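Scrolling down, you'll hit the structures one after another.
There are two complexes below, and they share chain A, which is joined by chain B in the first and by chain C in the second.
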Partner chain A sequence: MLTVILQQGINGVVVGSLYVLVALGLTLIYGVLVQINFAHADIVTLGAFTAYFVTHLFSGNYFAGIAAALIVGAILGWLVNAVIFAPLRERANELLPLIATIGVSITLQNVMLVLLGPIPYAFDTPYSNNVIRFGGIFLTMQSVLIIMMSTIAIGLLYAFMKFTILGKALRAVSQDRETAALMGINPNQLIMLAFVIASALAGMSGAMLGPVLVLTPFAGTTVIVKAFAIVIIGGFGNVEGTIIAGLIVGLIESYTTQFLDPGLIDIVVFALLLLMLAVRPTGLIAEKREENV
Partner chain B sequence: MVSAILSSRRFWLIMAAIVIGLLPMIFSDSYWRTNLIVCAINVLLAVGLDFVLGYAGQLNLGQSAFYGIGAYVSTLMIMKLGMPFWLAFACGVLVAGLAGMLLSIFAVRLRGHYLAIASLGFAVITYQILLNWISLTQGPLGIYAIPPPPPLRIPGLPVIEFNNLANLFYLTAGFALLTYILLDQLVRSPIGETLTAIREDEISAASLGINCQKWKVLAFAISSAVAGAGGCFYAGFVGTLVPDAFFITESFTILAMVIVGGMGTLIGPVLGAILLTVLPELLRGIGDLRLIVYGVLVTLVVLFMPGGIVQAGQRIAARLRQRAGAGDTVSRT
Partner chain C sequence: MTPLFAAEGLELAYGQVPACRNISFHVEEGEVVTLIGANGAGKSTTLRAVAGALIPRAGSMRFHGRDITRLRPDERTNLGIALVPEGRHVFPFLTVRENLELGGFKFRKESTRVRTLIEQMFAMFPRLRARASQNAGTLSGGEQQMLVLGRAMMSEPRLLCLDEPSLGLAPLVVQDIFRTIRSINAAGTSVLLVEQNARYALETASRGYVLQTGSIIVSGSCSALKQDERVHQAYLGRAAVAAGSQVPVSP
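Right after this comes the complex of A and B.
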């Protein structure tokens, strides 16, 4: 029994740390722009497919696949910002960009559907079958890799935000865009930077989620829906909260699968989300947006 | 004189009724008649969403859930309890409306993006319940052999059967027209002005003594009840129900209809629903590319024509009038 709990705990942390990477991107964008990017889901999917094809191209070099997914993600993030968010910024309507990215998402999903077909791809990395055993607990090298890579990525992001000038500028833009601009910061460039970082993270997590998910052109949607829940449970724009919430959702997922029914995962996660919203509604971001009144 | 007739609502409503009457005669094959019914259901869903989105300014991504609740509740009432169609219909609409009020508890406290995600969560939960409560909904296997609405017996008239597509279209389109008229009355009444005030600036509205919470609850209830009605007709028309018909992407599709048509007007969602239902059918020749066209269209409309088809039409009309030299009418717009 204890081994089952531990085993599922590890599985939950593995998936949860990938959700954290996806959710951190959403939080980062929300922090600087107060906007939601629905196409984030499809950057995850595209990252997964890029990794799949590049890994095969480089005869099984998974790290080449991850790197390629990261680059593709960064480029897409830049594009989404340049084409959708930057032109809509002057309109000052908070719902229009969200709706536009739903359009982008429908487009990307169906382009992938035409090119790649609806049948799930079997994405096995060279590390998937490399099993380590501790007593009764099984751990694949892939899981170890995922936990290491996401810890490094989260750590780097955290250090970047905390200790570099650019990170400081990003936080300044999140707090007050106009005042930041008066201090000689170009908010537009920093918003673009936030998009590039967020989407690179999404692409990279896609590369690592690919072997875990049912890899179809619609794979990202299931991830992003959970990422939204994580971002809200953790508090929009709050990095530590997002990390904790992401791991909680990962654990909920693995324990629900083990002890209840895999079909109930989304119900449990979203019941938690709605409960969170009912108990602590705008409280988590209200302090930041008071001056909008 | 002519312009007075053209600008009167009654004239256009009569025209709409005539067009609805003529459509099944023009399209006599079952393929296009089926599409006509789908159009009518989508019009219902789109005007319902626009009421809460375009007028009350609440982005509700849970419309697929209310659509599904209406469909499943009415069907289960008919199949499991043997309830007559119209009573089951009323139940479906009522339960969907109540579910909307339940969601509006969150809308009362949340704004903008938070509401969008809460409603999305609501849609995900509803979909998963439909999928996993197998003893009730039969899950992914679906419910089959749902009967069409029963014949309508009006004394003095021949019996109207609903097992043929033309009459089923008259029923759904007639209901959609009726809903349109009611919503049109509602948005032009003080209630509509109140909702618009909440959309434009909730705090100013509240400072004028408007009870924003009460009106948001009302807007959600009406909007989701309309979607529920769409679901009831869908079940009776298609005859089978599977949860996948009410996945969250359905919410996005309905949203796209409202946006492309023009939110904040009632005629916009009608045009959007018709266009986005018929366009994919016309593009069937290019196969899977049709949904790409769909996505691109939504994006382009938001970027370049945020008022949708209606706004584009108004601009073209204004330009034509300007060219005709009627300067005074232009200056008023």
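Right after this comes the complex of A and C.
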């Protein structure tokens, strides 16, 4: 019994840490812009497919695939901001960018559907079948890799936000965009930076989710729905809350699969979301927004 | 000699709502100039235009003789104009030190310079040093006002614009803030001061402009303005003038 709990705990952390990477991107963009990028899901999917093809192209070099997915994600993020958010920001309408990104999302999905077809791709990396055993617990090298890579990515992002002047400027823009501009910070450049970082993370998590998920042009959508839940449970714009919520959702998912029924995953996650909204609508870690006079 | 800053015929509006008409004023190198007027007279609006947060419909602004009318706020900060906004606007979830560091954003590639500047600010405001690693949102109003003053000075501005620095502060703290403003000016920074407390403003500045419903109605040296009948009645009042003579001017 204990081994089952441990085993599922590890599986939960593996999936959860990838959800965290996706959700951190959403929350980063929401932080600086108070906008939601629905195309984030498709950047995850495109990251997964990029990694799939590049890994095959480089005869099984999975790391080349991850790197390519990261770059493709960054470019897509840059494009989404440059083409949609930046021009529409001038119009000062909050709804337009949201609807435009839904349009981009649907377009990308259908383009992928035409090019790649609806049949799931089997994405096996050289590490997928490499199993390590601790007592009764089985762990693929792929899982170890996922946990390592996402821990590094989250750690680097955290250090960037906490210790570099650009990271601090990014936080300043999230807290008070107009005042940040008075500091000599160009908010538009920082918003672009947020998009590039968020989308690079999404592409990279796609590369690692590819082997775990059912890889179709709609793969990202299933992830993004949970990422939204995580962002809300963790508190919009809150990095620590997002990390904790992501791991919780990952664990809930694997324990629900084990002890209840895999079909119940979404019901349990969204029941938690609704409970959270009712009890603590500001999220796990609430920042006090009132000004101290 | 060209003035440090000059505004010519500014027309300012929020969307379709006009706020200020035909605003012209200038600040000479080393001066403290004040804009006074009642609530809603257009003082803050004018200051927002100086900082670049509001682009004028017509008119022009020059800084060091250079046309800055269409520059963004961040570009103006990099040229040497700093604005302390009304209501202070610290970054509440950044520490005091991080707030100061961002004030020196334009020197971000010179880390020793930023460290030296932060030390200077801590010397000017010792209470900030004690709270260096505290979130700025937890400071008292007076401490926040000190922080935003220090944050603005981190960019080593030639022109420091202050929007209602006394707002909501206790009288003793206000005295402190004005003493600091005078010493900042004595060290060579020109100051453009918007203030509802006309008494303090006229004691601190050398020249002033009086705004009423979006236009400048009088201007001149502060000693002349203090004698002006309109200024007198509207902003000082007899009792206030008597009290005004007791305001400590020297640090």
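For this structure, a couple of remarks:
Going forward, the second predicted complex is superposed on the first by the 281 of 293 C-alpha atoms of A that agree within 3 Å, B and C clash if a C-alpha of one lies under 4 Å from a C-alpha of the other, contacts with A are read in each partner's own complex, and residues count from 1 in each chain.
Quick note on the criterion: a residue touches a chain if its C-beta (ideal position, glycine included) is under 8 Å from a C-beta of that chain, and two chains touch if they have at least 3 such contacts.
Being a predicted model, the structure only gives us computed values, none of them experimental.
When the shared chain is aligned, no partner comes close enough to touch A:L213: not chain B, not chain C. Chain A has more of its residues touched by B than by the other of chain B and chain C.
Legend: residue contacts after superposition of the two complexes on their common chain; A:A180 is shown touching chain C, with no touch to chain B. In the superposed model, A:I146 makes contact with neither chain B nor chain C. Residue contacts after overlaying the shared chain place A:A172 against chain C, while chain B stays out of touching range. With the contact threshold set out at the top, residues 293 of chain A are in contact with chain B in one structure and with chain C in the other.
Per the touch definition, chain A reaches chain C in the complex via residues 165, 168-169, 171-172, 175-176, 178-187, 287-288, 291-293.
Taken in their complex, chain C has these residues touching chain A: 51, 53, 72-74, 77-78, 82-83, 85, 89, 91-94, 98, 101-103, 105-106, 108, 137-141, 144, 151-152, 155, 168. Against chain A, in their complex, chain B makes its touches with residues 59, 105-106, 109-114, 116-118, 120-122, 124-125, 128-129, 131-132, 203, 248-249, 252, 255-256, 259, 288-289, 291-292, 294-303, 306. Against chain B, the residues of chain A that register as touching in their complex are 30, 34-36, 83-84, 87-88, 91, 93-100, 102-111, 113-114, 221, 225, 228-229, 232, 236, 261, 263-264, 266-267, 270-271, 273-274, 277-278, 281-282, 293.
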